[in-house]
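After this come two complexes, each holding chain A, first together with chain B and then together with chain C.
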Partner chain A sequence: MTGPVFNGHLNQRRNVRTLAALSLVVALSASAAFPAAAQEDYDPDATVRIGSLYEPQNLDNTAGAGQGVSEVFNSNVYEPLFRLTDDGNVEPVLASDYSISEDGLTYTIKLHPNVTFHSGDPLTAQDVKFSIERVVAPESKSSRKNSLATISAIETPDDQTVVIKLSQRSISLPYNLSYVWIVNDAATSFTTSADGTGPYRLDGRRRGSGISLSRFDDYWGDAPTNKEVVFSYFTDATALNNALLTNAVDIITSVQSPDSLALFKDNPDFTVTEGQSTTKEVLAFNDRVEPFSDPRVRKAISRAIDKSKLLNSIWGEYGTLIGSFVPPTDPWYVDLTGVDPYDPETAKALLAEAGHPNGFSFNLDTPNYDPHPIVAQFVKSELAKVGITVNINIITANEWYTKIYQAHDFQATLQEHVNHRDIVFYGNPDFYWGYNNPEVIELIKSAEASATTEEQVEKLTTANRLIAEDAASVWLYLYPQIVVSANNVTGYPVNGLNSQFFVYDIRKN
Partner chain B sequence: MTLPEQAIPARRGLRFSPTLTAGLILVGLHIAIALLTLFWTPYDPASTAGGRLEPPSWSHWAGTDRLGRDFFTQIMIGSRIALVVGAGAVAIGAAIGVTIGLLAAFATRFLDDALAATLDILIAFPTLLLAMLVVAASDSASLWTAILALGIAMSAIVARLTRILAKRVLRNDYIAASRTAGTSWPGVVAMHVLPNIWPTLAVSFALQFGLAIIAEASLSYLGLGTPPPNASWGRLLQEAQGTVYTAPIGAIAPGIALVTLVIGINLIADGLRDVADPV
Partner chain C sequence: MLLRLLPGDPANALVSVGADPAQIEAAREQVGSNLPLGEQFLRFLGSLARFDLGTSFISGVPVSAEIADRLAVTVPLTVLSFLLAILIAVPLGIVAAVKADRWYGAAISVVSQLGIAIPVFWVGILLVSIFAINIRLFPSGGFPSRGWADPSGALYALVLPILTIAVVMSSSLLRYVRSATRDVLGSDYLRTARALGETFPQALMRHGVRNGSAPIISILGIELASTFLGAVVVERVFSLPGLGSMLLLGIEQRDYPNVQGVLFVSTLLVLLIGFSADLAQRLIDPRLRDRAAGARS
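Here is the complex of A and B:
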């Protein structure tokens, strides 16, 4: 995992304003050398203004509000029992202590004492039970609903103790509980108001414009390093960039194109940090159909594509190459980029071995939004060199959902997969790509039933290797997570896993 | 009143006004480039050998795109696509539009009213919206669906114009005379109607040609036109959108190509109108 990267070096392509850029190098190396000095000197009552492209549709993470709802609320307003930290670990938050029974089917969780909701109600075990049941309820649209389906009962022997019973072992339970906001069971509406236990209370919301949070003075944990946080929403990336340039916001949570960064990289007033997202650009085959049912064909295609050139085309100097579906922030990551390296010669040999010495042609269903069309053109041009003809078929996001995700009516497609810890998709033969390797299915299933985390990591690492060796799909690259801020702001998360954006450590001077 | 003397020669043939000449030069240039791309382009359009977003240089006149493809090559091929789309859409629009327009002109009062009302409704839809509907109804976007969509969308305008022009001609006494002399209706169309209405129709076709090119660029910009890697100017503009600050040439070059071709066509339309209607 890389830490913050200060992009202070000269950009070879644009040698304008060399003098300004040179002084920038000096300025940034100074700030990189003494980061602590900058952090101590901050205003504890500052207002931090955050610019984002992801306005939540409502304020409830079980009501299809979109990724923006996690950005604002996770750990800021609502807290979970356990949280996924910015570097991909799971740590207890509202759970002060927990124990697991011998058979792994009973989790006894002790709650932190003296925790109150913003409304003043104390946190009790009943609130926790209510919160979990809310997520697994039939009307819930939570993406982790199925992962929590192993919960068979929730008991509350006293106000500070929650006992969760499982129908089968689930080593990921603490992780899966990181998706569950602990809400007040007396709350009446979740879509328009919020009553959490987090360091901030919801101050106000203006639809189409923004959400403001203010420090909750009775917070049970460490007080935030700022007083107020305002999320402003933009629909246009250029407008958002301009807002930062004109000091209307302090931070952009996620920059989606490397080219706008030129505005900030050559400017000493701004800091560009690169973290690792969990968003993977995937060339997914329908592994059920000829010729993609043959792993040799899939490997040949993977080897025929110069992924580092592609990554450079899309993201310039940013982003990471991955040799499988697992990003470095997942515990079962291993570097598998060497399994099918760029090598058109062995690609041709593999194609010949698989019975396609003269190549073949296939349809590549390509979603009509960036970066897929340009990625498709690159894939077409690379595969032409080994004799494979690609017909690019542009489709809408809706068509993708019905034709590919639901009907499995496709040969190959491009898609970005955003989730953290989503290797489990390869353990489901009914998933849209139809990868069906009994060994992988068994490993993924038994990993969940592991007694220890070590055992789970070992099994999933093996599964990870197997899918890479089978070239179940072609994993083209991992998106970078780029945050740009004014240089008087520090302490924000760099990876933004699962679209979270913890604001309580942000310091502004 | 007698017509001024100098207006009369114009009726005898094409008078190459400066407008028409300028238009013909611009469009001729695009046609020449389009024909050239059939045999030769500076680079293989699919070759990704260049660097990412290189600025214009002697080796890459308009720089390179994100994938390292030569941008000038793509713009040259864009000329071909623009002209094919424009010509194809006008041909389809003319075939459908003139036929319906003539039918309406000859039809009974009731049918004529019905057709006229239908055409008015169709014209009320913006061309682009209508074209998007046609593309959406087809299985997948392609060059041909784009042409067909624009042709269909355009046909309503052509049909209405044809109907009005034809009705005006049909009111003349010599039509009745011609009929009395035994000329069939198709004969009347061929001998009297079409020769009288074509100059105005030609101007309209030229204007529609330009509009079709812009409409195709818009469709491609929205991802509904010619699918990649065909180098439609609209798609080039769309791809350049994210890099407009760092590599403005990507937006400027297809923009210039589009503007020169459409202005050229409009100048031709203007010049043709002067020829058709010299007063």
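Here is the complex of A and C:
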């Protein structure tokens, strides 16, 4: 498998914008690193057409819009104080400079001067305060609301300065602020209109069809390398592939049907790029209930499943095996695939040791959409070999939230977890899987209060090892993140961390 | 009502993994799913009486506005496919009946049987593979985000969906036209007209078409209504932002206002179509009018 090659070079205008490129196009981007060759052939007024399966339900990332809203708006229309770049770093955007007090409880952030919203209003510290408060407000549906709970006060000594006070140290504050769109405090609606500071303004939207963005001419940074970006939404993966094949779109942000890759892979008109994904296919047990409260049973199940065979049957040569919940793009990643390798014999021994020499049976609540039903079948046949009977119970995504996420009324379930840096879920004993290891809880909590990144990484790496050794869940595989484009389009992000898709560097000729 | 008995909660579509219980409770309060079932229903009836279909739980947009947007796709799609189907089915059906003993008459019959047997999504996939992927004549799916502000783009996007529906619909319509024509051909009045000296085409046009069309129109009414409802499948295959896809999404997300709104509007339209078909039948067939008049006296 060919991993992506990161050809990071400094971009003059934005200090640290990274251009990630696949090995296939390395030759091309390497030459682009020379100033003379930087004037490559592209149309600065091009319209880039992006095809996606993830239509945002509304335009507000605190109102349950779904992952599609980050794809369109993050850093394209709305900018954060700090951004999570495509290669997993955190860099300042609207924050021009910031300092942290000795005790780590006060962040003083200077804003970039001369930044205006699309409506013409200047960006002020009040807008920033308003924006952060919007995310932590009672009616906010942001899944990251809790991570900002340490903020105790936000002060605005002048228009260009924001002071954030914390009740306890929070080393991830800049990272957590990357989820916060800086919006205009004068805006009246966020679900149906947008007024950000980003390089594009929202041009139009048709529900069920698409969203169009156009270049914002008064943008404070450097202008994007294209003029217009149109996101077209498809409900069907095949229809989306056909759209690319027939030149109705230029890029597919995330290919979800492995079968279709063959269409593009051998066709010189298209570029297939595999980036680093953060989406994990997880067989999660309810660790509160028998027999899954026994780590030996969980480990036995993990060893009884041939994960590489599963990954191969679903994704062919794509995707990655993981030994825990942490993907390689998280700073606390270590390779843990060796902790519970495929080994039906030791699995049986562990089961016997745990008092289940003849196996047992359990219900596996399986969401009704791909790939879960296929994965469930595979798990069922693998576990039958060690004497465990799996009853597959198909449920809808909506029921999953009611039955499993809220009521914890399940034995085991399958779910894809998409977020970056989400090991924190294992530090919450009330989370749906109910994993409760005081040592892990303490490590995850104290890691957040670390004074240095090194300390944070060290603690979370330890927590990562512990959850793997406990087989808190079975981490079946990491989805591949595959972007396919027509070959006249370059400069798009390949990892799409947290579902972001930065469009300002896309070049089309 | 029944939909609300399904497991799940509209609030679930608003939260994601990572949300805490307080956030979920707040979302339930916002969409009203924490209220008793009866109260939710009364609320719906109350606003319906004020011609207010409510606001989508998920998108925050008034249901009526979204339905209007979606109708701008579904209505042209249905009406144009319907007209095309009539244009194909009526002449071919008459030919198939009149020339039943010729090879092409029989061929038309056989092909129409095939058309009935093929599921509509399969026709869609077939047309996409021929006209979009191989010949690259028409787009394979999607709808311009500017909608009808881009009229050529919008029409272009609808060509294959319209063809898909028209192929399937004209096949069954053709069978009806053919059998109605055969009835007419065997009728006494046509023989009498021929005996009075009219040529066969004259007699058929003058007496046959009007007599034969009465049953066809009632079939047309039913077909139009079912096409309107059946557009769900075609909209899905071609990723069109129509009423059908709004309904499907609404059901998946338990977005009750959207589902109720779509069902309400489609029921209204189906009734309207049935009513128009009845009216048209009366215009064409004076006997129906007389009978109605007789019943009154």
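Heads up, the rule we're going with is that the second predicted complex is superposed on the first by the 470 of 509 C-alpha atoms of A that agree within 3 Å, B and C clash if a C-alpha of one lies under 4 Å from a C-alpha of the other, contacts with A are read in each partner's own complex, and residues count from 1 in each chain.
One rule holds in what follows: a residue touches a chain if its C-beta (ideal position, glycine included) is under 8 Å from a C-beta of that chain, and two chains touch if they have at least 3 such contacts.
Every value quoted in this text rests on a predicted model; they were computed, and no experiment measured them.
Looking at the superposition, the partner that touches the larger set of chain A residues, chain B or chain C, turns out to be C. By the touch criterion stated above, A:K380 is placed in contact with chain B alone, chain C being left untouched.
In the superposition on chain A, A:F264 makes contact with neither chain B nor chain C.
After overlaying the two complexes on the shared chain, residue contacts for A:Y54 are found with neither chain B nor chain C.
Judged by the touch definition given at the top, the superposed model places A:N368 against chain B, while chain C stays out of reach. After overlaying the two complexes on the shared chain, residue contacts for A:N398 are found with chain C alone; chain B is out of touch. Look at A:H417: by the touch rule set out above, it reaches chain C but stays clear of chain B. Chain A residues in contact with chain B (one complex) as well as with chain C (other complex) are 395. Of all residues in chain A, only 13-14, 237, 257, 259-260, 262-263, 309, 312-314, 316, 366, 368-370, 373-374, 376-378, 380-382, 384, 392-395 touch chain B in the complex they form.
For chain C in complex with chain A, the residues that touch the partner chain are 7-9, 12-24, 26-27, 30, 58-61, 66, 69-70, 128, 132-133, 136, 139-147, 236-242, 245-246, 249, 252-254. Per the touch definition, chain A reaches chain C in the complex via residues 51, 57-58, 60, 63-64, 66, 138-141, 143-146, 191-192, 204-212, 230, 232-236, 239-240, 242-243, 245-248, 395-403, 405-406, 415, 417, 419, 422, 425.
Those residues of chain B lying in contact with chain A across their complex are 46-48, 51-55, 66-68, 140-141, 223, 227-229, 235, 239, 242-243, 245-247.
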